[in-house]
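Shared chain: chain A. Partners: chain B in the first complex, chain C in the second.
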Partner chain A sequence: MSNFSSIAFYLPELLLVLTILAVIVVDLIPGLKRFNWIIALAGIIFTGILLYGDYGVSESLYMGTIAADPFAHYFKWIFLIAGFFTILVSRHTHSLRDADLPEYNALLLIVVFGLFLMASATNLVTVYLGIETVSLPSYILAGILKNDRKSNEASLKYVIFGAFSSGLMIYGFSWLYGLTGSMSLSGIQQGLAGVQEPLALYMAILLVLAGFGYKISMVPFHFWTPDVYEGSPTPVTGFLSVAPKAAGFAVLMRFFYSVFTTGSMTPVAGVDWLTLIALLSAVTMTFGNLIALQQDNVKRMLAFSSIAHAGYMLMALSILSPDAIRAVMIYLTMYLFMNMGAFFMVIFAENQLDAHTVEDWKGLGRKAPFLGALTVILMMSLTGLPPSAGFVGKLYLFAVVIAGKKFYWLAIVGVLNSVVSLFYYFRIVKAMWLFNPADTKPVKAGGVITLSILLFTIPALLLGIYWTPIINLIDKSIGF
Partner chain B sequence: MSSHILSLLIFIPAAGALLMLIGHRFISSNGNSEDSGKTAVFHKWIAVIFTGLQLFLSIWLWVNYVPGGGIQYQEHHAWIQSFNIEYFLGVDGLSLPLIVLTALLSFIGVVSSWNIKKSVLGYFSLLLLLDTAMMGVFCSLDFFLFYVFWELMLLPMYFLIGIWGGPQRMYAAIKFFLYTLLGSVLMLLAMLALYFYTEPHTFNLIAMIQSGAAIRDTFWGMDIRMLIFVALFIGFAIKVPIVPFHTWLPLAHVEAPTAVSVILAGVLLKMGTYGLLRINYPLLPDQVYIFAWSIALLGVINIIWGALNAIAQIDLKKMVAYSSVSHMGYVLLGMAAVVSTSAAGSQAGINGAVMQMFNHGTITAMLFLLVGIIYEKVHHRYIFFPKDYKDPALAGKLAFGGLAGQLPVYSGFVALAFFAGLGLPALSGFISEAMCFIGGFSIFRTLTIIGTLGILLNAIYFLRSYMHIFLGPVSNAYEGLKDMNGRELLTIVPLAIIVIALGVYPRLMLDVISPTMNSLIKLVQDMALMVGIN
Partner chain C sequence: MDNLQSYLIISTILFSLGLFGVMTRRNGVAVLMGIELILNAASLNFVAFNRFGGMRELDGQVFGIFIIVLAAAEAAVALAIIINLFKNHETVNIDSADQMKG
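For the complex of A and B:
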């Protein structure tokens, strides 16, 4: 589709850009400064309305560089929900009180825009642009607490690792371009059909995987994750652990299924990247879980566990089938609710008790029973115990592996990892409920954060009991 | 009502728990979470009423159940269509005794927890949630539903042990959780494998019996049927628990509060053997033939190992816990006899196994309740004080003595429970143990002969501990102990009646279970022939 007629299908993104500009401009007008977060939230809501209008559209925009398809559409909802609640909760995060909120909101919106681009990119250039549009503001967001050493460290580490991975990825892109002479994903796929050098192709796949692996924090490109997650302000951590990871998976799936897969669902040119993904998946989840076991800092623990969750999702991608894409999308949906809910709970604990380690959470369940009960559900969901959303997500992932009848060993590694994860997730539950509070300092539940936790816990439980609507929606969203 | 009776059975306790949570807000005057006396009474009565109602319904079910009438009171609804998951309930001769047992022990568990002080709301609502999950396991005929209930049990159990347990409760709770989760995730994989190998894909356990026979594949040179069987078997073995997967059990039992021990030993352990009979046996009958000898061997190991460990214990509760390990061994031995070539042998074995599941549930519940009663009175339950006891004057000494004179009623019931435990004729344990041995003997002669040693070993620790506690010179340490009160009698007497009634007239139970179990035997033997083993 030509550039001009594409605009009609690009309205959500355009509105996001307008919102970003509005937030920046409003910041300059003294009287209106305090409304910037309302503008940001309203911008997201209206973007959502426009996005809703695009439901079912399947078009190739801007001369084939961007796709407005059901697949991207589904992911955009994940980004919007994550972005909306991050902005909302950030206003009530005590550690962010001194940060420059207008700047912060604008940066977050830019990230959301970049995520939109990542999910819908169908050209090497737009893929790269999308990833960088997400990465650059993320570096600043991680370091937005200017006087906090850990935040600064997080930012710097993020930049260095991000730049390194991007470099590898773009080098891989150049191999692909050199092999096929095309920049568009479909063009590369056609070009690769005639490629006789599997080694060159293998090289390209490895390099590209490095870039995507960094975004989803796959071992061995995960080194930034724990420090960045620990150092960033907690709402940013929650956001980074969900939205860019989802986008990373979106672009990974689109890329691998439309470039490195032939039409008959076999890996291109006999390059067995499926076994590679299976191995990486096993290593990623095992590493994430084993290190998470040793963490005392709750944020750091959740950071390592998010590496493990990436490993679980990679597990499904070791089987080439539409069911694998479906399973990852289901898991990401469940993960959005349970993981962000858990991070909201971390914000609550930090606000109320200045709690950072598991030790600090002791007796929290007794002090705030309602939130304590919600946290149990969230932890149950993250572990993958039924009836919870996390279980349903894992069920679909394991179902793909078992139905593939190829990597049974991977399924066994996966379930053993789930058992390991129980231990550290329930350390939090244990601290909250099995110990008596150290002091009688009252804890105030209520307000926006409590409401957000509730809003994220309800789906984390209900989607574990009845998930047909989500499945139906995802089944309609698998087409690239 | 009759068609929804199983749903009612499952969800009545959950409704009770919900009512507690809602009622708490209205009754507690200041709206805070701490319990006042008023709310505590409210929660206790809600728990009694709802478990009582469930017990009543389960008895109604027993009375109205038609033996030999196949699967009855079925409920069948689609749940998740895209995954062919159904809400499928039903009851047959295998599940009926366990349903009644669950309802009975839940009720007794609630009554016996009357003196709980810490977070009454949490305790009783979790107990009721546990009740719902257990009932769900026994009523489900859809593997997925079965699995959900199976896992749902873990969470309340974790909290019940972890919050209301003894000194090592946190370690015991997480150990229980990790062990059982390890088993159930393997079960999850086996479940998915069964789903994808059956055509059409289904979780329906009844439909799988037919389509499961067609599963044929190998993976890395191993028969896929064997892999599925082993994965399921480990999952269930951890629950039974079969040695060497048993180490969570003594710890969990010792740390858990009395009512939780009762439910743990009385109901949860049965789920392992129930799962084997419900899923492994009909779905993979040829593998049953392959593994029958191993199951019998494991059963005998359980009998001997559990009994030897029980002999070594100085803590009464730990002794009872190990006696459970031993008694579950009889069930395994009886189950293995399904492959017996003599019809009488296989029928005795399988029917004996199911009956032993029920009988052990009632007997061990009595034992744990009685241990709990003495613990409440004297705040310890040592037969001998340990060598490193806090009071060095008492270390290594006999803890009780001559209690029979002081507590005649109590010691009478303990005698009954101990004799039932060691298999005295005319008490229920004797019948089922004998049947298991008869079944086992018809095919595994040597193993069964070794297994019978277990009866002797069981007698050693039961009789010896009875002697140390109730007979001999009167210890002066416990002046003025009161005998059992009405509430305690209410928990013990129904179990005692059942133990005696089934010991004198076992047909009460056998008539209900044998049509189902005999058809299971026929199914296993026929299918195994069809699949090509034997």
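For the complex of A and C:
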């Protein structure tokens, strides 16, 4: 579709850009400064309304560089929900000073825009632009507490690893371009069918995987994850652990299923990247879970657990079938609710009790029984116990691996890992409920925080009991 | 000298130098220079493939420009972060940022 007629299908993104500009401009007008977050939230809501209008559209926009298809559409909802609640909760986070919030909101919206681009990119240029549009503001968001040494360290490690792995990825892109002479993903797929140099292709696959693997924090490109998650302000951590990871999986699936897969669903030119993904998946989840066992800092523990979750999702991608995409999309939906809910709980604990380690959480359940009970549900869901959303998500992932009949050992590793994860998630639950605090004075969270935790816990439980609507929606969103 | 192979050799050398720089240097600015070398290697690859690959469109060269622009943006953000590191630690040695471990 030509550039001009594409605009009709690009309205959500354009509105998002307008919102970003509005947030930046409003920050300069003294009287209106306070309303900045309302503009940001309203922008996201109206983007959602426009996005809803685009439901079911499947078009190739801007000369085939961007796709407005159901696949991207589904992911955009994940980004909007994550972005909305992050902006909402950030206002009530004590560690974020009010003075920084206007820039903070604008940067978050830019990240959301970049995520939209990542999920819908169908060309090497747009994939690269999308990833960088997400990365650059994320570096700043991680270090937004300028005088905080940890925040500074987080942003430093993030920028160095991020720039390095995107450099590797772009070098891999250059080889793909050289091998096929095309920039569009479908053109590369056709070009690779007759490729004569599997070695060059293998190198390109490894380099591209480095770039995407960094975004989803896959071992061995995970080094930044624990430090960035621990050092960043907690709302940022919650956002980074869900939204860019979902976008990373979106772009990984689109890329690997359309570029490195032939039309008849086999790996391209006999390069068996599926075994590679299976191995990396096993290493990723085992590493994430084993190191998480030794953590005392709750945020750091959740960081390693998010590495493990990336491993579970990669497990399904070692099987080439539409079911794998479906399973990953289901898991990402469940993961959005349970992981962000857990991070909101961390924000609550930091706000009210300045609690950072599991030790600090002792007796929290007695002090705040309602939120404590919700946390138990969230931890159950993260572990994957029935009846919770995490269980359903894992069920679909394992079903794909077993139906694939290729990597039975991977399913066994996955089950063992789930058992290991039970230990450290329930260490938090144990600390919260099985210790009597010195003073049992009730701790109250603000209304917004309580509501956010509640709104994310309900799906984490409900989707474990009744998940048909989500499956139906995802079944309509697989095609790209 | 005016063939694809020589350009690819140069870009591979640039890439390896960049990789070496990132791995061995502990000075934040020097690490950034290593990353720039990697990006330049990719850029050179794109332009060389476009020039010698018999492609009618100029998309490889345009990608080269995109890489230059994004490398500049990335350098701006990274240098600001390193300045902040210097304010907090009085050094640009990235090993000095070691508050978090484990």
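Miscellaneous remarks
Methods note: the second predicted complex is superposed on the first by the 473 of 480 C-alpha atoms of A that agree within 3 Å, B and C clash if a C-alpha of one lies under 4 Å from a C-alpha of the other, contacts with A are read in each partner's own complex, and residues count from 1 in each chain.
By our rule, contacts are C-beta pairs under 8 Å (C-beta built on N, C-alpha and C of every residue); 3 or more make two chains touch, one makes a residue touch a chain.
Bear in mind that the values here come from a model prediction, so they are computed numbers and not experimental data.
Touch counts on chain A: comparing chain C and chain B, the chain ahead is C.
Of the two partner chains, chain B is the only one touched by A:Phe426; chain C is not.
Once the two complexes are laid over each other on the shared chain, residue contacts for A:Leu168 go to chain C alone; chain B is not touched. Applying the stated contact rule after C-alpha superposition, one finds that A:Phe35 touches neither chain B nor chain C. Shared contact residues on chain A (touching chain B in one structure, chain C in the other): none found.
Per the touch definition, chain B reaches chain A in the complex via residues 33, 79-83, 147-148, 151-152, 154-155, 158-159, 162-163, 169-170, 173-174, 177-178, 181-182, 185-186, 188-189, 192-193, 195-196, 217, 219, 227. Those residues of chain A whose C-beta lies close enough to touch chain B in the complex are 366, 369, 376, 380, 385-387, 391, 395, 398-399, 402-403, 405, 408, 411-412, 415-416, 418-419, 422-423, 426, 430, 433-434, 466-468, 471-472, 475. Within the complex, the chain C residues that touch chain A are 11, 15, 18, 22, 28, 31-32, 35, 38-39, 41-43, 45-46, 49-50, 53-55, 59-60, 62-63, 66-67, 70, 73-74, 77-78, 80-82, 84-85, 88-89, 94, 97-100, 102.
Chain A meets chain C in the complex at residues 124-125, 128-129, 132, 135-136, 139-140, 143, 146-147, 149-150, 152-157, 159-160, 163-164, 166-168, 170-171, 173-175, 177-178, 181, 183, 226-227, 230-231, 294-295, 300.
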